[in-house]
Amino acid sequence: MRKMKAAVYVRPGVISLVDKPIPTAVPGSVVVRVTTTTICGTDVHILKGEFPVDAGRTIGHEPVGVIAEIGAGVTGYAVGQRVVVGAITPCGQCHTCLDGHQAQCGGKAAGGWRFGNTIDGCQAEYLLVPHAMGNLEPIPDGLTDEQVLMCPDIMSTGFGGAESGGIKIGDTVVIFAQGPIGLCATAGAKLRGASLIIAVDGLQARLDVARTLGADVTIDYTKSDPLTEIMRLTQGRGVDVAIEALGTQATFEQCLRALKPGGTLSSLGVYSGKLSLPLDAFAAGLGDHRIVTTLCPGGKERMRRLMNVVASGRVSLESLVTHRFKLDEIELAYELFANQRDGVLKVAITP
Amino acid sequence: MRKMKAAVYVRPGVISLVDKPIPTAVPGSVVVRVTTTTICGTDVHILKGEFPVDAGRTIGHEPVGVIAEIGAGVTGYAVGQRVVVGAITPCGQCHTCLDGHQAQCGGKAAGGWRFGNTIDGCQAEYLLVPHAMGNLEPIPDGLTDEQVLMCPDIMSTGFGGAESGGIKIGDTVVIFAQGPIGLCATAGAKLRGASLIIAVDGLQARLDVARTLGADVTIDYTKSDPLTEIMRLTQGRGVDVAIEALGTQATFEQCLRALKPGGTLSSLGVYSGKLSLPLDAFAAGLGDHRIVTTLCPGGKERMRRLMNVVASGRVSLESLVTHRFKLDEIELAYELFANQRDGVLKVAITP
Amino acid sequence: MRKMKAAVYVRPGVISLVDKPIPTAVPGSVVVRVTTTTICGTDVHILKGEFPVDAGRTIGHEPVGVIAEIGAGVTGYAVGQRVVVGAITPCGQCHTCLDGHQAQCGGKAAGGWRFGNTIDGCQAEYLLVPHAMGNLEPIPDGLTDEQVLMCPDIMSTGFGGAESGGIKIGDTVVIFAQGPIGLCATAGAKLRGASLIIAVDGLQARLDVARTLGADVTIDYTKSDPLTEIMRLTQGRGVDVAIEALGTQATFEQCLRALKPGGTLSSLGVYSGKLSLPLDAFAAGLGDHRIVTTLCPGGKERMRRLMNVVASGRVSLESLVTHRFKLDEIELAYELFANQRDGVLKVAITP
Amino acid sequence: MRKMKAAVYVRPGVISLVDKPIPTAVPGSVVVRVTTTTICGTDVHILKGEFPVDAGRTIGHEPVGVIAEIGAGVTGYAVGQRVVVGAITPCGQCHTCLDGHQAQCGGKAAGGWRFGNTIDGCQAEYLLVPHAMGNLEPIPDGLTDEQVLMCPDIMSTGFGGAESGGIKIGDTVVIFAQGPIGLCATAGAKLRGASLIIAVDGLQARLDVARTLGADVTIDYTKSDPLTEIMRLTQGRGVDVAIEALGTQATFEQCLRALKPGGTLSSLGVYSGKLSLPLDAFAAGLGDHRIVTTLCPGGKERMRRLMNVVASGRVSLESLVTHRFKLDEIELAYELFANQRDGVLKVAITP
């Protein structure tokens, strides 16, 4: 049996590179040789033991690669084809998928998120892709791996936050936190026609990137109070849509306080501990507020659309790749990324 | 100056019937002689001092009456015409109304709710209706006052909870609390095509009414655990839409726990104290949940539609009127209603 | 090789019962033994040669049956299970399905409609169901074949017309033509909360059924002019939604003329010949009109929802079955149905 | 009585500059001194007698100006304030406005379009604005008249075509005709996140402008066949949304033929003569197509949003002003504009 390198979760605090058998394409699935992948904030939650996965699970859900083996029943693809696969791999055929909630595939919360969670992921040399007919999307000619590396997760998630927020032309939108997902939400807000986009973070470098992706105004919360600034910028009106991209009580609450009556809080964060709704900001329930959460939309149609956005030049996220590592060095990559050292935004990992 | 009787807020715990001048129709407004009105749960919050209004404010926001005087600039109406006016009286011309958030008129939370809150209300012999062109709707021939008495608030609010929930044909919907608004939400869920409607309350009499309005299953939470029952009824799937119609942490939380991944919590309650989101039920933010709040939709078009629902016989809410009082007896009516004595659901007050 | 009886299209004017091999379950598919099926207006179009299919194609797309054989890769089902399969069998995994247009599966117009069109259908003893994981729905205990016989097509289509029309609570809706699909659209309009439902047809017997399914008013167009009546009933306002359920220029045009400015024409008909938009009724393009067409929604989640509507007693369509035939007699059944003899609405065919 | 200059419709072929009394602000209205206005294609239809208005009617519906007099009951504005008023002036208080169809104000087709149609318009020195509270929007500091001159009509209409089309991130959109409204639709498609925008026209100069506003590909229909090109560009898939911005059978039909199954035809044109739906392109009604028409959205909230889009620099339409005239020269301006001489796109008229 041929072996490959894979980064697996061992125990809280430890992700290690180990040898594993190369997967075989069972019916309906495809094996992809990973050419580039990356590390996500969620992987750090796993590393820290905050989001439990089985010991031995290969981590990673952001694959770019080449088809290596095609299982029975999968048609329309060829070995050697370059493909992107979404972080979320819906089956497309369960009640929940057919009801339009593909990310909750199987009717389980986050059930569509399989890679590096309930099955082996892509921080490895090879990846077994289930429900391949619905999840493999060829990469358009002329696009590099790094150009499409953000499609599987952060671009899909960030844009999803803008989409679920129901942004309309001329809206004012604030995005709290400008990590990779918040930056993509900023880009998404611009794509949907917001005319005043306010990005909030505590790191000037991230706010600088936010400006290149669509932010009209940036607020460094270590220097000024976001709510005071937002109310000044909106003449006391509040924002139409507030996007939460961190997953903390503080940012969730500030989002709610920033909203106009009738506004929408679009939440992307993964929360831990406790989350409360301040009733004054929530107008005791009388403010026609909406709170919507969005898990990364997946499936090959989503990937096709996102790569088209890249190909058209509408949004360029390559600059988010601040560091590059070989798969062999992935433990170093985790160390850098988990500690947000050296201005890291996203790392590219190449097996 | 002619005088009239009016029920005014005096101080926490005291609403008294006093003499006040009959209002005069200023430009754009109309004076309505109130023929029937009622008491709302919100009025009880005001009585208890939990929802502050100015001392001396006439209470009440559910008017049925007859046009007594028409102000300058108001056309298309005649003195003597029987009309219903919504609890919420949007101006129709501010930025917020034109943006589709009429209940938040003027851009202030609940800004469209004026009667018995920011201006004098209708627990009186006469009522001054602002923005009359957008808010007066003639009562179709053949409908009695009591048949349309629920249109201004509870029917509009309850149906609104079903509408905002985005109920689809074949949905399973649970409604927590079967007070007047919850009962209307139950009726609204049926009107939108839910095929399994579960009503929860602790009073059998209310659950019995819920059955007549559309509930397929009722759960007395004093006798069995709602969540266990809901999961059994849905084969563990959870409900598509959960409607909160009480305004407590317990019911809000049970709504969230009852939801399927991808489901919607439609909140109608007025909350006080604290409100927290249990993160397990909220899937840490990954469950594609939506939480929407709805303040009573107002305006004459809404009233026209609701009265058509009554006229067509689709929904009959007359049976909710369990007690009748003269305006002179309103203090007794408050005593009964605030203490939920004698199986009271709604009272009819006639000046 | 075992043989079965099947009704196949031979040439224009001829559908014959022939012997065919019983299909075998290939991977991803299931063979269903048909217990009850029916004939659709579209089958009559095929019979007449107006809608071309290959000679030798088994006709029929409304199956109720029992699982006879399960192909590789299909899990969660058992031989002997009673199931309903939609007329439309989306794959769930192509770009078009994942984009939410399952009825246009594969990106081809009406591509999701396979049975009796591009593959063999169900007017036979056995049926091969492709994409079985997404298309087989078990029948809830206690429901008879005839109770669920309308789910695969006319109930899904008719309800779909009401859903696509965007009916709101209190809407006025007219449905032109009260054949089986128009009757289901009438029932669907009621399920969505319309408060005035106007059914138009030229046969009193069909108008009588319309009343039992939700029509408040019926118009026999042989006796009075529908538009005059509609404008009288709506005080000149026009209807909010007009549903076309026949597929002719005359009914399409009357739908458009019946609409209010801002109204929606929801089209279910299959048109032949020419179709023109009268510009006066279309307000030269300035009337904010919407014209939407809906092909029968399919997939197992849709079937689950529709059977729940039946199980809850919300809508009962058994009375639409006016005649019953053995599969051996199907040529007689076509003769009756195609000529709309003897008050036929739908026939039940049992192999 | 003070007089002013006004361009009035006299008879087919004749619009003349005449003297008229300066209007007086009746209650609820405001008089605006017009500082800049323009000519619309619809005005040319009026000039040619194709769209009937009363003889003597002052033409024009695209006003930028300064408040000159404020009527009783209008608050929150000041004489001397610079304002924009939409071409459509909804009352905000009728059933139709409250139902969300403000452009059809009063329930009449195009009822919200009053200026230069049912009341005097703005090709004059002064303009009486009805329902002023809902229709006057102050111009943000720093914006010139010409920067906001497209807001009242073509920007609102063109963006409206993109909005009504339901464009999603990653959509392919074609816009047929790149006159002023088509160009704005092109800009609108980009604002909503389309990733492939195809602009079709027969004038290279207009296609060049289309590129600056968001078109990725332009097709000169005099040189190549649009449908062949569109199918090539979309790999035979068809477009998600096709926007019709001319008002002819040919472009309407090409839009329909360009659509994917499940696609939307968003129509902005004003049609005359006949309009037919080719049934092959319409898939005989089975293609889940949608056809939506959009009349220019009006009201002050819309103007606020559009001016914010201008202020943010998202879209710049100043370059559409190709020619400038004094009001005294308006007959020359009509002569140029009606004959599309000298590469004219829009003219600025200054009283």
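Every chain is named by a letter (A, B, C and D) in the order it is written, and numbering of its residues begins at 1.
Definition applied: a residue touches a chain if its C-beta (ideal position, glycine included) is under 8 Å from a C-beta of that chain, and two chains touch if they have at least 3 such contacts.
Chain-to-protein mapping (UniProt): A, B, C, D = Alcohol dehydrogenase catalytic domain-containing protein.
These figures come from a predicted structure and were not determined experimentally.
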item	value
Selected pair, out of A-B, B-D or A-D, that shares over half of its residue contact pairs with A-C	B-D
Which of C-D and B-C has more C-beta pairs touching across its chains	C-D
Gap in Å, rounded to a whole number, between the CA centres of chain C and chain B	39
Of all residues in chain C, the ones touching two or more other chains	96, 99-100, 304
Contact footprint of chain A on chain B as seen in their complex	96, 99-101, 103-104, 107-111, 113, 237-238, 247, 260-262, 267-277, 279, 282-295
Interfacial residue positions of chain B with respect to chain C in the complex	159, 163, 168-172, 188, 191-193, 195-196, 216, 304-306, 308-309, 311-312, 314
Touching residues on chain D, where the partner in the complex is chain B	27-28, 72-73, 90-100, 102, 131, 133-134, 299-302, 304
